[in-house]
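Several structures are given next for inspection.
Note that chain A is present in both complexes that follow, paired respectively with chain B and with chain C.
Showing the complex of A and B:
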């Protein structure tokens, strides 16, 4: 029986064998209900999903109240989202003075604009990219803080909410990661014992201390290193702690990534006469970094959530504002709504970041072989 | 430095031997991998080093561009003695090119960019010129159309030819080849050997570690046989293959020429 030429299509290709394309019913039968215990588990899981989703829907949307005053919320079974309606400005801008709120809005718009513009192909050259982001960061800082161009100063005491969460984590990572890479290089390659010891010492010290301790220690101890008269900005103290943590963790991540680059790459780079920094910067680190993308993204997500600890040093990030809102006499008992709102914001941010990471991984073909 | 080493003045660069090794020894921990090796390679000479695995052949040529450091003896590259000086290391490496067994191309750069990297960053060649030279070299090794491909998209033979072009881009005085065809399929060995043959005919000083006896017989000026870290025998191909003196050489040749 010569079926080799019969089943070819117009382009001369053979269609896939039957049975490989599953309809949904067949898929369910094979995957979900193939054995009695799998069927039980499926039904159990479906029941849990049903109860959870309908419960959440009923509480959060169907029976909920959306307003700005606490009165309509008396004795309802659902959520009282009015706490958000009342406090949303504080969530976004803290205790920023009313008249200057437009500056925060402008800063947020700039950031969103930059994020969307990042996907524009023109920005692919990394020098451009870096320049524009640094310029953007400066403009945002000037806008929010004031003191130049006729803008009145708004001290960090008035900042709060999402501003602090985003600011602490992004600046902490933006400054901490390059420092971390340098530390990793100093730890692995330095022929000078002093540099090696300092790097190892710093990395191990910072990593062995819980982040919350780092925050507390930097809040209390940092002012001691500087002249008594300078009351170091509280936000700055927390920022230094985040930078240190980012640097130490990033150093270890980088060291792991470096170990994954084959020794042949180092040899080939040396063999054409590249010096140490060029070898690292042009040949080794680009290869190492592409494997570290998933790890760095995890670090960013963890960082974003860790900044919520600054509430113990008196700063009001997103979580701090949620606690503030729920402890306000008007809104006693409305904790769940406030925290759920914050949870949703965190989820949106983290999900966006991990989606971006998937795109990056696909682009650089980072795969488990 | 051991007592045996004569303190001979090194010849001025441009004259004398291109590479000279005097009583070079190297240890990996307690294991001596190079035992008192002395070898002199003249300009435009093509040397093939052969021997059983573990004999120290690869280590030997890697000491010449200081990918390995020797503990005893002296090595001279064009009259200049190799020392621990980092600047000298980098400079010598621009004059000594090397081609590795597993190519070691930079996977995140295209073939052309691989070749351009050295001239741009080390010799400070302007980008345009480096690009033209890279294209010329790709043409010379026979794969001009692969310029924009990444190493992962090339076959083994093509990758090795790009590696040779990359080493040539630095205009070295000497080319070292560390078993360049050992990782290649038989069909691709010929294309790489052709490139090496052409290089030899154009007068490049070459030190090749290889098992390709056909290539050795045809192109080499001298064949060196190493075993257990020492040079056992060396001679012209005619003498080497037809009339080996040492027992170990005869044994090795009988094994390798069998198939």
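Showing the complex of A and C:
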């Protein structure tokens, strides 16, 4: 091993040059007070930080009330977190029946267990990895919905809160991405102009229309397009809209990934006699998708946030429950607390995923130089 | 075994069902057939369902004066007839004429910006001629406003105007916020960079609808009622009905005032062009900013002094339960505007940051090395190079912002989707209303992507 390569780290980056250690005073001179306008900016920024942090601290912790009843909140200056104490079960599971709540908790624990296990590389490389995930998803669905193994059925109108937020976005992506890959394949093949046109039409149509309109359309128009006898579930309608949007967006992402795979790969695959599906499935798509993983992860964040729009069609996801809580006569006017709580949940989820995506991006970065 | 003729020796015998052309045609026919059947049966069902509810399909309902619901925010829409139509024709004629001119120049291998005569013709077609038409016939332009009862078509148009109004202001201010925060994120000042980072992460990682709800229900709705409005004399009145400002009403000298402002813009354009060409020719630099400011402020002020003030302020008055006569920004608009600006600002900041960071650091060091100030480094070295990388994601972000205005439906801001939804409920013409709404969004995204492609081909590095 020669010395010029072993100094690189796992990602092929050169380590930073050895120590230019600044003392705290010198560091402040350079990073905060190097010019007069930077000093002014620093003072201004310090003031903003001071006001925000002390304000949030006083409002959210120092003057706040933690409890489960509305009475102690009368006339206090701080936050009334009792609304969260009273409603947290609804935030987690919506109007799911009290005596069946353990099923939702069990489902959450299963998902968290699988997510944690997935951080272990040996498990990810296991042959049955994907199958285990599929089985896990099935178990979660059966647990939540019921109907088998003596579990009573809980209809989707009792579902709500975080359950819907996570469910809509992950099912939307899990079903939408394979459809999107097919759409992208249809769009990039030149031998089938009719299918290509239809794929382009679908992708462009869905992508140009706001997601909220897709939701409204699928909840108002979809029942109209089917015989009156079919009574479609409200959650299913919203799910169809998410799947359509996920399919169109992931088709566009996959197209970018396909364009990044060199022509030589296609030619080599054809030369060894693979047919179209094998060429795509064995040679091209694995390379394309590998580079697209970070983009798919960012898409997941966008979907996580966009599912909050289902409030408009009358479903109670996290945000819907926040509205529900602040309209409850007991907790009237406690909008800020409810919204803050939901905002913190969203922020933690999205920030964690986006940081993970950044790490993936660094890992999978294609070096073209 | 009989010998086959030589030229047929290697001809493979492909059965019909393995012939590539036949197979692909069959696949496509099958696919097309199933899609067509699916769409047909869906439409048949829709027709059936609509007929059972007694709804006639067709677009004629747009013209019937039976729209009885109230739209909380309306604005006068100019009617394309008489002076308005004339202006529209002249303006679109100017655009088409300029386009033809540029094609003509392209065919002659002339760069249009290099030819003084061509530039003058273009300015004349695009600005001077429409401006003259507007100046002379402006008073004949008639406008209509949605007042109950009105037509459904007028309702849709009002929704469209509200979408455009919200989209326009959010785009401009969102871009400014994004540019400032994105540059601040890369500041050498540690605290400023940290604060902008916090802004970016918070605005990007919280759903837009949650931000809208926060501003609407938690902030604006908790403002005092009309009687206890927060007031800054009569200039600024803030209450839970919105923000009320004095309205500017044009007087007789308004038209000449605006005309000189436009004239100043044209002069600035020529001055900047002259300065640039002179610098290219001789290397000598002339000031641009201060003369431009002097022109832009000076000429209209001269008109103001000669002809009297161009507009008067009409102050809002408290009559009954609300303020009347002023310019009111509704809480719905304000909530949408603030959250859209912050949300898209966060995303644009990230786009700007990554665009700037993609520039090789040597460029910045070199620019500093030849003694340019930080502002000039930014203006002359960084932004022109970063622009190529920033513009494509920026346009798709703009498109996203225009689509995001549709979230107004959640707080009752009467934009296209909200008004469309009401009309759909009231009239039952769901297919037509949704079709029209989709048409608008598709046209917008088509237009934006066309503009973007055109711009991209212009700014991309020419590799020779």
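Quick notes
Definition applied: the second predicted complex is superposed on the first by the 331 of 369 C-alpha atoms of A that agree within 3 Å, B and C clash if a C-alpha of one lies under 4 Å from a C-alpha of the other, contacts with A are read in each partner's own complex, and residues count from 1 in each chain.
To be clear about the criterion, contacts are C-beta pairs under 8 Å (C-beta built on N, C-alpha and C of every residue); 3 or more make two chains touch, one makes a residue touch a chain.
Every value quoted in this text rests on a predicted model; they were computed, and no experiment measured them.
Of the two partners chain B and chain C, it is C that touches the larger number of chain A residues. Contacts of A:323 after superposition on the shared chain: chain C is touched, whereas chain B is not.
Of the two partner chains placed around the shared chain by superposition, neither chain B nor chain C is touched by A:293. Once the two complexes are laid over each other on the shared chain, residue contacts for A:272 go to chain B alone; chain C is not touched. Of the two partner chains, neither chain B nor chain C is touched by A:280.
With both structures placed on the common chain, the touch criterion links A:64 to neither chain B nor chain C. By the touch criterion defined above, A:354 reaches chain C but does not reach chain B. Shared interface residues of chain A, touching chain B in one complex and chain C in the other, do not exist. Residues 31-32, 34, 38, 41-42, 45-46, 48-49, 191-195, 198, 204-205, 207-213, 216-217, 220-221, 224-228, 301, 305-306, 308-309, 311-312, 319, 322-323, 326, 333, 335-336, 339, 342-343, 346-347, 350-351, 354 of chain A touch chain C in their complex.
Those residues of chain C lying in contact with chain A across their complex are 24, 27-29, 31-32, 35, 42-43, 45-46, 49-50, 52, 187-192, 194-195, 201-202, 204-210, 213-214, 217-218, 221-222, 403-404, 406-407, 409-410, 417, 421, 424, 430-431, 434, 437-438, 441-442, 444-446.
If you check the complex, the residues on chain B that touch chain A are 65, 67, 90-91, 93-94, 97-98, 100, 102, 104-108, 117-118, 121-122, 166-167, 169-170.
The part of chain A that touches chain B in the complex is made up of residues 262, 264-265, 267-275, 278, 282-283, 286-287, 290.
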